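So that you can tell them apart, the chains are marked A, B, C, D, E and F in the order they are listed, and the count of residues begins at 1 in each.
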Amino acid sequence: MARVVTTIARTDAAICDGFAALGVATAHEAQGRTGLLGSRLRPRQSGTTIAGTALTCEVPPGDNWMIHVALEQAQPGDILVVTPTSPCDDGYFGDLLAASALARGIRGLVIDAGVRDVAQLREMGFPVWSKAVSAQGTVKETLADVQVPLVCAGALITPGDVIVADDDGVCVVPRRTAATVLETARRRAAMEEEKRLIYMSGRLSLDVNEMRARLKEKGLGYE
Amino acid sequence: MARVVTTIARTDAAICDGFAALGVATAHEAQGRTGLLGSRLRPRQSGTTIAGTALTCEVPPGDNWMIHVALEQAQPGDILVVTPTSPCDDGYFGDLLAASALARGIRGLVIDAGVRDVAQLREMGFPVWSKAVSAQGTVKETLADVQVPLVCAGALITPGDVIVADDDGVCVVPRRTAATVLETARRRAAMEEEKRLIYMSGRLSLDVNEMRARLKEKGLGYE
Amino acid sequence: MARVVTTIARTDAAICDGFAALGVATAHEAQGRTGLLGSRLRPRQSGTTIAGTALTCEVPPGDNWMIHVALEQAQPGDILVVTPTSPCDDGYFGDLLAASALARGIRGLVIDAGVRDVAQLREMGFPVWSKAVSAQGTVKETLADVQVPLVCAGALITPGDVIVADDDGVCVVPRRTAATVLETARRRAAMEEEKRLIYMSGRLSLDVNEMRARLKEKGLGYE
Amino acid sequence: MARVVTTIARTDAAICDGFAALGVATAHEAQGRTGLLGSRLRPRQSGTTIAGTALTCEVPPGDNWMIHVALEQAQPGDILVVTPTSPCDDGYFGDLLAASALARGIRGLVIDAGVRDVAQLREMGFPVWSKAVSAQGTVKETLADVQVPLVCAGALITPGDVIVADDDGVCVVPRRTAATVLETARRRAAMEEEKRLIYMSGRLSLDVNEMRARLKEKGLGYE
Amino acid sequence: MARVVTTIARTDAAICDGFAALGVATAHEAQGRTGLLGSRLRPRQSGTTIAGTALTCEVPPGDNWMIHVALEQAQPGDILVVTPTSPCDDGYFGDLLAASALARGIRGLVIDAGVRDVAQLREMGFPVWSKAVSAQGTVKETLADVQVPLVCAGALITPGDVIVADDDGVCVVPRRTAATVLETARRRAAMEEEKRLIYMSGRLSLDVNEMRARLKEKGLGYE
Amino acid sequence: MARVVTTIARTDAAICDGFAALGVATAHEAQGRTGLLGSRLRPRQSGTTIAGTALTCEVPPGDNWMIHVALEQAQPGDILVVTPTSPCDDGYFGDLLAASALARGIRGLVIDAGVRDVAQLREMGFPVWSKAVSAQGTVKETLADVQVPLVCAGALITPGDVIVADDDGVCVVPRRTAATVLETARRRAAMEEEKRLIYMSGRLSLDVNEMRARLKEKGLGYE
């Protein structure tokens, strides 16, 4: 009854790379403050930003069999997105799976569960965003779906969507809107760059963004 | 109805600097084991200790407007202390606000909520202690109070109080008692320095602090 | 009524050192996926692996007196294992106790509670795995047991058992089975080394481990 | 930019009523163990089972304006499903909104946030499943979408889907498969009724379900 | 060094009784949405509303000695408010203390920690709002302050302030503003009563409160 | 490799019944404030106290197969104690298993995981203490041990030990010390009964237990 969908439309690599240069907060803002995965997903390394296409994988609690199945579906530029069918912190993924994932061109892992061998993963340069770190081993007994739309840490992710991840967390940008969102995101980033210089000069956002009148109207008083 | 109090008495800079040299644990002990903010506030960098005067700011959930208002009230040596009026993990503060805060002489941020752009904040050398990291954007719609006494992560903080923050967390020292507490803290630090040497030599605290008799009296037995 | 047991059988140092070379995940797998302490215990440094013999210590909430008692019982190669008699996040252990512990030959601390002075502990090279970081000071009023079997973060630990700790967390290996488990662990590590090379070459675990037939039999379909 | 979708296809009332007679666990099992909302949603009354069609509503943190908008879209037999755009425990819903909801024929509320006036809601007979109970008031400043597909407590919900809720929690059954799932659910319920009688007689599931051979084959031993 | 303040100004009993008739949500709204204690404090009974004057008591973790001291300070109409000096879930309060509290005229307990004997407390009619239920016993070794201002579950409480508690949680109203807040609260309650009737008739808040124009102006669209 | 131990020594029924009359807090105190299971285990009914002999069962995450195995080992008067080998909130136990358990004479369930059908369990009069309520179904694929010593919610439990459970939580009393602890518990209960009358008369524990001198000596001051 479980299925692996093999005919996935992926977002263009150039679009993914565009998002990797901008990061999570900008992508999130550019699509109307949507797409964030829950903040319980934390980076297990520091200072890494990646973007790529979602390779989605459901796993039963305590069972990582389907990750092995998912690796065969990988294409270079994918990011593996794993979600348990019920909450679980076990260590679904370690250095062996990372070796395989790297060999298949996978850019990183986003998992709403646990990982292990985190020191080795850092050495290998395989970035991970996970809910937990746990050495707890898993079994290989029960099937689940691979490359189907799923909810990971509260966000709906369709295979082939853009995943962006950095020290702030993880964001999904749907494939259909990715090109447009990227344009908006780039404009936003340029604008922010200008604002940064203004703020560094000491000017206040109250003035730059003309907030004083509205604050007064709402009733703000100074004592 | 919301208000910004502009007439704040700040603790002397020299006192703040004194605490920065001693750290959170010593400040906390020196005032009778009080003043700690909840341990849910975690440093978003490693190895930084700061102390400064509290610039307090309330924010509604998902709304960072008042942080913009607060920045105008900043004086060099302040530490921005932000508390939501109801629990919220959104990313209230990012690199633009940090650029502005640095330009205003603010030494760091303590926030019982989320921050974003943490990689950039580290690069900029702007230290942050927060409850969460989240890219979630916020709106600018609702007022709250600035520079009023407030409760942040379980501790009462009055504008102008000393805030000390390091890898152990955050502590507040009320302005009125700060000079006295600093003296006690320095004595304690000196005493601990001596003890450290004694312990490094292998002597036991059981002997150094003469605990054996009281342990026996309480009923401790050796088998 | 509280007691300190002084006649403890410790696992051989060579066995402990063997586990230190293998790490937590391998030890856990080698004994049938048992022995992990709860993932709430997090390393307070990065990239350190240790193994040693458990020196166990119970502490009342907010009271670190018995840690002072425990230090006298230390032998070189021990790892101090502290568990509160009811849940507590206070800062039971800081740089003075670490100075004493280092002088006694203790290799590190595992504590289901809080620690403080974490920056100093890192500088001193004293590794810690704890539930929390908190500067909260503790008292010395109430007795508890030292060197007795106890439950720490959900795992039963007997004095003298092997404790292994790395960036993945903490694992206990009972003294009686430690030699056998170490052998199994070494075989497993060697086997994993081989597999790593195979996976790095791009071969799939589906093939290496011949999973396809069983997946099909369970009903996995490809679309 | 925010929108209210007014052309929603709802599942037939007879199907909803069918699920109300069976409850959450049976619905969840009948669709292959899917559809559960996270267990953080708890009933705020005891012993009530409801089923109805999802009327979905997004709300910003601390802002319940869109619930007022959603009420106009209600049709008798709907269940209001509210999800915040970022996590929030505020009291979005109380006795006034419940009075309005009852008048509009709404059968209950499922909200991944807080509610208030819970004593009054119980008296009024308006059932609620929520993440939190909190009297915290909310503002009316920011728009969000109504009657769009959304993720609530980890489950994807499309307007018009069946929502089933009882003391075990909340489950969604997609409209398109609801009729088929209901049939399966009824068969399952009948079968369970038979099994219940068998187990009450003292017979073991090991025998009834012929588990002994497979247990032995897997390696279970009796000592 | 610890102290018991014996000269406390209490809010008038008539004001307290006024709040008891209105409940937590109304008190909270009437003072500008302030004063709520954190929602981790849950009622340990159902359907009880109380209001009274705060009798405040700090306790060390795992040590309930000061509750015994506080009971002597009680006056009829007080509500005991207990906060640990660092987080603790132990069972500080049980049926014996409740017997004593009832004899002293105390109306209930608000505690940011654990209680025990909850079945007996319900039988005795002594209402409790607590963070946890735990049978864990406590010691009597360490002093703390009684009848001083303190922070309980995130709210500043001064002895003699009004405490209101019901199934929604707990709210504090400062003594100085209590009379004014009560007037506002009563007006609000009367207004809500009117609105309830309007909503029960099926009229929408969109119309009653004339929200449509502003929603449109903000950009809400109907599809 | 998994095993079921069939030769279990159970505590006498009369001793269990003795504890059922006293409850959790008294049992815990009588054995030196030990034996409590973590307060995350909550009763799923109100006002029920039970005591019986532990029938222990380990279960993998998301897999309830071994509960079926455990039921065969039941003897009248047992309490089923289930602990997952890694943390899991799935609904391991529902009305069918309860029907079987009742038929086997089992008095109740203590589980550090989830249960479902809680409304039916209440109707059947089968009491449960669990970490979670969740309808999430489980599989039957992986073995674990039955009737072996295990750690449940932080407490070591040996098959045949006394389990006491009431509205305050769950406590274990080891079989070997159960008779002695029961005697102590009965004396304590009698003593508490006397104290209750004294406190109800309005006398203070400060006087009854002569605390004043020691409080003064420790430095308590009255202002």
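In this text, contacts are C-beta pairs under 8 Å (C-beta built on N, C-alpha and C of every residue); 3 or more make two chains touch, one makes a residue touch a chain.
Every value quoted in this text rests on a predicted model; they were computed, and no experiment measured them.
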Hey, what chains does chain C share as contacts with chain D? A, B, E, F
Going by the contact rule set out at the top, which chains touch both chain E and chain F? C, D
Chain pair with more C-beta contacts, B-E versus D-F: D-F
Rounded to the nearest Å, the gap between Cα centres of chain B and chain D is 42
In angstrom, rounded to a whole number, how far apart do the mean CA points of chain B and chain C lie? 31
How big is the gap, in whole Å, between where the Cα atoms of chain A centre and where those of chain D centre? 28
Among all residues of chain B, which ones touch two or more of the remaining chains? 1, 33, 36, 85-87, 89, 134, 136, 142
So, with touch as defined above, which chain pairs make the list? A-B, A-C, A-D, A-F, B-C, B-D, B-E, C-E, C-F, D-E, D-F, E-F
In the complex of these two chains, what residues of chain A are touching chain F? 60-63, 85-90, 134, 136, 139, 141-142
Where on chain D is chain E touching in the complex? 1-7, 65, 68-69, 71-72, 89, 91, 94-97, 99-100, 102-104, 114, 116-119, 132-137, 140, 142-143
Contact set on chain F toward chain E in their complex: 24-25, 28-29, 33, 36, 39, 42, 46-47, 49, 166-169, 171, 192, 195-196, 199-202, 204-206, 209, 211, 215, 218-223
Contacting residues of chain F [partner chain C, same complex]: 1, 32-34, 36, 38, 85-87, 149, 151, 154-156
